[in-house]
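Per-chain numbering from 1; labels A, B, C, D, E, F, G and H assigned in written order.
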Amino acid sequence: MIDSIINYSSIASLILGILFILIGSIGILRLPDVFSRIHASGMIDTAGTAFIILGMCLQSGISLITAKLIFIGIFIFFTSPITGHVTANLARKKGLKPITNNKGKTL
Amino acid sequence: MNNLILKVCTKVLFTPIILFGLYVQFHGDFGPGGGFQAGVIVAAAFILYAMVFGVDKCKIIMPTKLNFFLLVLGAFLYGFVGIVGLILGEPYLSYDLLGSTKQSGQHIGILLVEFGVGLTVCNVMICLFYSFANFKFGSNKND
Amino acid sequence: MMFLAILFSISVCFLLILIRLIAGKTTYDRILAANSIGTIVVLAISIHGFYMGRPEFIDISIVYALINFIGTVAVLKLFDKGKLGDK
Amino acid sequence: MITEIIINAFLVSFMLVIALFIVNTRKVIFTILLAGTYSLVAALMFVSLDAVDVAFTEASVGAGISTILFLAALSFLPKEEVQESFNKNDIFALSICLLIGGLLIWASYDLPMVGNENNPVHQHLVSDFIEGSKNHIGIPNVVTAILASYRGYDTFGETIVIYTAGLAVFILLYNRTSKETNKSVKNEISKK
Amino acid sequence: MDLIIKNLPILIVITPLMFSLIVAVLPNQRHSWFLTNLASLLTLFFSILLGIEVSEKNLISYHLGNWPPPLGIEYIVDKVSIIPIFIIAVISCLASSFAHNFFTSEVYNNLISKTYSLWLLTIAGLMGLVTTADAFNLFVFLEISSLSAVALVAMGSKVDKKALVAGYNYLILGAIGATFYVIGVGLLYGVSGTLNMSDLSQKIPELGLNKSVIVAFTFMILGIMVKAAIFPLHIWLPNAYAYAPSPVSILLAATATKVAIYILARISFTIFGTSYDIYSFESLRYILLFLSICAMFAGTVMAIFEKDTKKLLAHSSVAQIGYIILGISLVTKAGIASSFIHLINHALIKAGLFMSVVAMSFYTFKRIDATSISGIGRQMPITFFAFIICALSLAGLPLTVGFISKLYLIKAAYMSEGIWLPFLILLSSALSLVYIWKLIEGLWYDVDKNNKLKIKELPEIYIPLLIITFLNIYFGIDAGLIINSSYNAAEALLNGIK
Amino acid sequence: MINEIFGVWNYWIVFTLMMIGLYIVISKKSLLKKVVGLAIFQTSVFLLYITFGKIAGGTAPIITNNSEEIYSNPLPHVLILTAIVVGVATTALGLALIVRINKAYGSINEDEISAVDLVDYHEKFSEKKNK
Amino acid sequence: MINFKSIILFFLLLGFWLLMSGHYSILITSLGIISCALCVYLTIKANILDNEMLPLYFFPRLLQYTLWLIKEILISNIETAKVILFKTEDPELFTVKSSQASNEGKVTYANSITLTPGTVTTQINENVFEVHALTKSFGDDVRSSQMDKMVSWLEKGK
Amino acid sequence: MSNEFYIYLCILTPLLAFFLTPFLNKTPNFRDILGPIGGLISFYCSIKIASLFLDGEELGFVFFQISESLSISFNINGLGVIFGLVASGLWILASIYTIGYMRGNKEKNQTRFFTFYSIAIFAAICIAYSGNLLTLFIFYEVLTFSTYPLVAHKQNNEARKAGRLYMGILVGTSIIFLLPAIVIVWVLTGNLDFTEGGLLKGYISMEYAPFLLALFAFGIGKAALMPFHKWLPAAMVAPTPVSALLHAVAVVKAGVFSMLVVITYVFGIDFLTETNASVWLIWVSSITLLLSSCIAISKDDLKARLAYSTISQLSYIVLGGAIATNIAVQGAAMHIVMHAVGKITLFFAAGAIYVATHLSKISDLNGLGKSMPLTFLAFFIGSLSIIGVPPMGGSWSKFYLMLGSVEKQYLFIIAVLCISTLLNVYYLLEVPAKAFFLEKKSNVQVTKHPLTTYPTFFAALLTIILFVYIEPLKEITNLIVGIGK
């Protein structure tokens, strides 16, 4: 019983994760400029990764693999904002203007 | 790269990456990995450090001379393990007589040898990075 | 079977991001896409391990994640300073 | 079985797409990014072909170190390639490639089927290695056992190769001090 | 001593290898030079011991890591491989002692010990190539030797920047060649499941007519052809030899291509020799024959119109490689024996020529093209004498080794192909006289532009030179050793063919 | 049927990849692109080897307690590990050379380099003639 | 230079090792200990063993903060997904002030902003962050400075 | 002393001179005296060898074995004896004459000149006594290379061009034609030793024999058969002693000697007679003979005229070999000696004229006979010998050649010989005639050098002596063709 619950929840979590990744990919493809695309990529890195790793953790139970999976998760959580930020930062630095509807906002 | 976030995060990541590299090094017997991959991972940590904090700072941790020495030492270690086998009366690179039993001998041999590979690869990668990073695109063209 | 389905879905995502990588207007788009591809491949490798029933090879994913990060930093650094060595 | 093969086929097709785009890019940085991605997919492919160690290495080297090296070199290189028009050289190259590729594809009809367990590759030596790794060496990773013991000499050679590369790059990119460059060959000899 | 005797096949490889590691970290150039010499002398000593061993035992098989052959890597030294071993050992010994003055002038001071390390690595790589009996191990050593050689070639950039491009081309073509070889080995492995050469030679006939094997053979040969600089794939060679630092030109010209040719023979006779009746490699033989004739003429003609002396010698190497390949492509005992004779002799000749030419350039501090060293022969009688002997040997003048090899080559060619082939050989060798004469005449008769230099010949330069000149003459007179060992080698190679 | 198609498909794509790599090396004038092409070429060759080692239903050659397990052939993996290292060594050396070439010639395009060389050559020997 | 921090780091690393390892023979474990010691040594030598690297004083409130962050991330993920799917993006670029004193605090804040999809920190100048938001509502979230307060709370430690 | 000692001594004397000369650079007198002394010693040895040979002793040894079937060996045969005598004997005269010429002409680089002079003699003697084709070939090449510095002695452009042509033709032909011919012989018989009656007998079919002979005939470029004769006139830029060496003592004689050796000891006279393999050679040599005589007439330069005369005279010898009867071959062998002595006289005379007056054109020599009577007398005697007028040695050889052609019934050869003799008369006797009977041009300075004049005259006397003492020569030639054994 518990097994099947865990199994189903893991499946659900995996599907959720893949959904997020899919949406993120669409976002990367669809959104208009770098800055907005960073959000989409952030989505893949956060929600997508998190759910998929959660699903796999549930699959593997309590074991070393879970620990490693969690490490991966932590690592991606840790590095994703850095790359995102640095990319955006550079783009800004090199004078790339984001598409905004800002009116009267000072930069 | 004068970026606060990057600097702080590099500080955080540096040590775990090296430890992970060493983990890969010593668990090559049980899972995927081994000297080569470990060397690359450890070198990656150094390269990250050098990229974020500058090569000069990296040279405090890993001076050029030490780097070169370790580079040679790794390969030498490998060759030397082989020569030990040779002196013990076995063919080159035979680890059978290194330990008390054949199996333990093999195990010790493999561990040492992998360590040698790791040392070399790590230091070669660092050396490559140093060489590229230190290269000066000066005005003197013909040298 | 489910893992297989997920693998295929990931392939689709991969393809989508690949299009961005190839078509991307600015270089930053491309860097971003490459980074995302890295993340996706990390996940794909883990899932593949589960699919094959030998999930103990997750070390590879860790290395992937690591390398992906360092690579991206390197590209960005190059864009920033034009050189990897300088501070 | 069939699904594995289909996955592989998918991945290989990805690689094909990437490789085709590499041919035509002119922005060097993009080329490098694509090459890194290519390695990444190759590594995924290795995983799906059960070669975890290779995938590990390809990930760390092909996608990681190679890319970093390319980028490091790119610091000193022009960032964009010169425009090339399709010329005679291309036709020559194309015909050579078609010839060699045709030869290989011709050969592929006699190659053993992918993954068939009756292939000679799987009949000869493999069981020796696996049994030997279990019994004589006592470590579970057969690849490591072969790498370090059975074919330890290859690995020694490999170490020497990488050592050579390190040494060579060190020498080639060594920073000559201005003092030394000014000294001409002549002066050095006449000192004797 | 017993330990040494037992481990001779590996000792000749790891002596330079381990020494190269030690040499690299030495700060003092004199010490590194000394150690380099010590290593090459030790290698020579071990090779001589090995030669004695082989003459008693015929075939020495050495199992690395104590694993029996198909599992582990095997080293085989037999009557065939002892020839290139000797070539490498002797030439490296002479060239090492010769090298010091040149490296100090052509290489940056801080890098000299590292250069010696690469030097020893090249030697070790070549030795490994010769001794190994494992198809994949061969690739590894191919890369060791070619990478270190590329680095050495590129170090000539202190004198001329073209060395860099030459090195690059060498690297890329070499890498393509090596990859082709690997593809070939891979296909073979795919159909047979083994990598050991003798194991392969047993497995391949069992497969029957197999397309993969044919393609594998083609690829392996193509790959090695790049390394051996056989005619259409020789384009890397002239520049690489011409712009490399002087001692490197000597070492590479005398050994690298020779070893590649040896491998060519090994692959086609040891691995595929057993399946000659299944696949008719006859057509391939004619392709090789055709290419070698092209090489003979192309190399000679290019050399005639070349102005840069070192490059001229490099072009002539292409032609000479043509002769050697021609002998192999005859696939008769006499043919293969003659090509082995020329293998040895050409190593001696080219080493001597490059040595004397670079010795002249050493005193003039210039790149040596046709005019910069004109007339210098009168100031340097010893070097010039050596040069003349070696040059005439290249042309095949009697009493020198070149004559012996030409004689046997013509004999072999006549015996299997009739009169037309010797005619072509001799025509190209007569043409080769043109560029040789151009050189000699320029060196002796032209106006001496360097007469202000007050050249004094240094003994450490001319002693190795005189040794190699002496060898050139000695083996031209008492050729029994070379001829017998070559015939033994040919016999050993042809034993495999059914 | 589908089995057979996909059985050879892998080989074909691998060969195609090889040829793309080779094509880049031969036809491209940019020295850097050649190195990239070489990397692709070599990676494809690695794939060929690994494909040989694959066994249907097998797993990675790391021994488990399950004695029924079928393992893929580890030998190609070992070979390719070696080959990858060799590949990266080649790449590194090639890059170093390219950097130096760019410094010496101011270009990494093959045509431009040979043009520079040609100019040098003419200068050198026409000078000689004038003397 | 063996201080409290380095010992903590050592044990953290050892824990990491043991969690990863899965082989607890004497040889491997001792190698692990040596490796950890080596890592600590390198860290000290690299002169990076400071609060920025190991903000020990974050630890007491770290868990609570993380849980809150995960909640935020989830919410904003769903929001972002909606924006992507329904094409309602309305990007804006604005600046906010951060109230953290230390570098690690600022970094945590900036990273938290970036981690929640929909907002990205693009530049950091002392206390002023420049943020790019996918829609106005995301921007409002940031401007409400709830997250800023949470990070400051975390930074206060204890 | 053993018999081999003489061979060693004979060969090593010039070699020793070669090694000693460079060290005596500072003392020209000692250096120059080396030549005559060496000549005396080796001439003595040659005579000794000849007498031993006439006594029927087997002379010869293997110097060393290169491989199983290849060796460098020396073996005395009749032709060798003759050539050895010529080479060593004329060396004495030539070296004395050279001293005079070089000093009189104040040439540069005399040491180098003497050095290579002796090595050329060494090579010639080695060719003479060589025991197999390989040894012959080796020293043939040594001779070519050692004479190059002599030909290009003047070091100017003209000399270098001539030197290139000289080298190009001689080495080219020897490599392209002679070497394969030797290899073919080697492959066919497995042996390269000269054997009486022919080495190839029974090994080669009739159809291929002419082709092999062609390879040999054109390969031995030193025999100056047309079309490979150009080197000879070209080499005339060299100092006159060199021309003497080239035309009388060493080079061309080595060529025709090799031809005769090939014909007698490799093919065998009987074999040639049976197969008629040499018929084409008769035609070729006849044409060479006539054409070169015609060209000689058109030349105004004395040395060039002599060069073409040499070409035609060499063809006599080849012709004798090609006729391939015992008598003809005997005649050819004799002609080696006769022509050597005659031609050296002429060249000595030409050189002496050049030293004295620095004139080389025939048209300039008008009336010089009175101021240099001895020289022109010698020239006259030498001319007569070449033409074949009885009291001179040349008549014998021509007589034998004619006998040979009669025996074979090749009557056109007799016609050819007659025509060529007439031409000889015309172009050779023109010189003394002009010198003695025409008016002297006023502005010619004559400074005689005794060391050039006396050897010339002595050489002229030798032609007469040879007519009288023909008997030993005849005996040797008998032995060559196997008569009297």
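Criterion: contacts are C-beta pairs under 8 Å (C-beta built on N, C-alpha and C of every residue); 3 or more make two chains touch, one makes a residue touch a chain.
Not measured: the values here are computed from a predicted model.
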| item | value |
| --- | --- |
| Shortest chain-hopping distance from chain D out to chain E | 1 |
| Which two chains share the largest set of C-beta contact pairs | D-F |
| Chain whose mean Cα position lies farthest from chain H | G |
| Distance from the mean Cα position of chain E to that of chain B, given in whole angstrom | 35 |
| Chain A and chain E: spacing of chain centres that average the CA atoms, whole Å | 58 |
| Centroid distance [mean C-alpha coordinates] between chain H and chain B, Å | 78 |
| Contacts with 2+ other chains: residues of chain C | 31, 52, 56-57, 59-60, 62-63, 66-70, 73-74, 76-77, 79-80, 83-85 |
| Of all residues in chain A, the ones touching two or more other chains | 24, 26, 38, 64, 68, 71, 79-82, 84-86, 89, 91, 93 |
| Residue numbers of chain D (touch at least two other chains) | 32, 50, 52-53, 55-57, 60-61, 64-65, 68-69, 72-76, 104, 108-109, 111-112, 119, 121-122, 125-126, 129, 140-141, 143, 147, 149, 151-155, 157-158, 160-166, 168-170, 172-174, 176 |
| Touching chain combinations (by label order) | A-B, A-C, A-G, B-C, B-D, B-E, B-F, B-G, C-D, C-F, D-E, D-F, E-F, E-H |
| Chain C - residues contacting chain D, complex | 4, 7-8, 11, 14-15, 18, 21-22, 27, 30-31, 34, 37-38, 41, 44-45, 48-49, 52, 57, 59-60, 63-64, 66-68, 70-71, 74-75, 77-79, 82-85 |
| Residue ranges of chain A in contact with chain C within the complex | 11, 14-15, 17-18, 21-22, 24-26, 28-29, 34, 37-38, 41, 44-45, 48-49, 52-53, 56, 59-60, 64-65, 68-69, 71-72, 75-76, 79-80, 82-84, 86-87, 90-91, 93-94, 96 |
| Contact footprint of chain E on chain D as seen in their complex | 103-104, 106-112, 119-126, 128-129, 132, 149-154, 157-158, 160-161, 163-165, 167-168, 170-172, 174, 176, 180, 185-186, 188-189 |
| Of chain B, residues touching chain A in the complex | 1, 3, 5-6, 9, 12-13 |
| Touching residues (chain side chain G, partner chain B) in the complex | 9, 13, 16-17, 20-23, 28, 31-32, 35-36, 38-40, 42-43, 45-48, 50, 52-54, 103-104, 106-107, 110-111, 121, 124 |
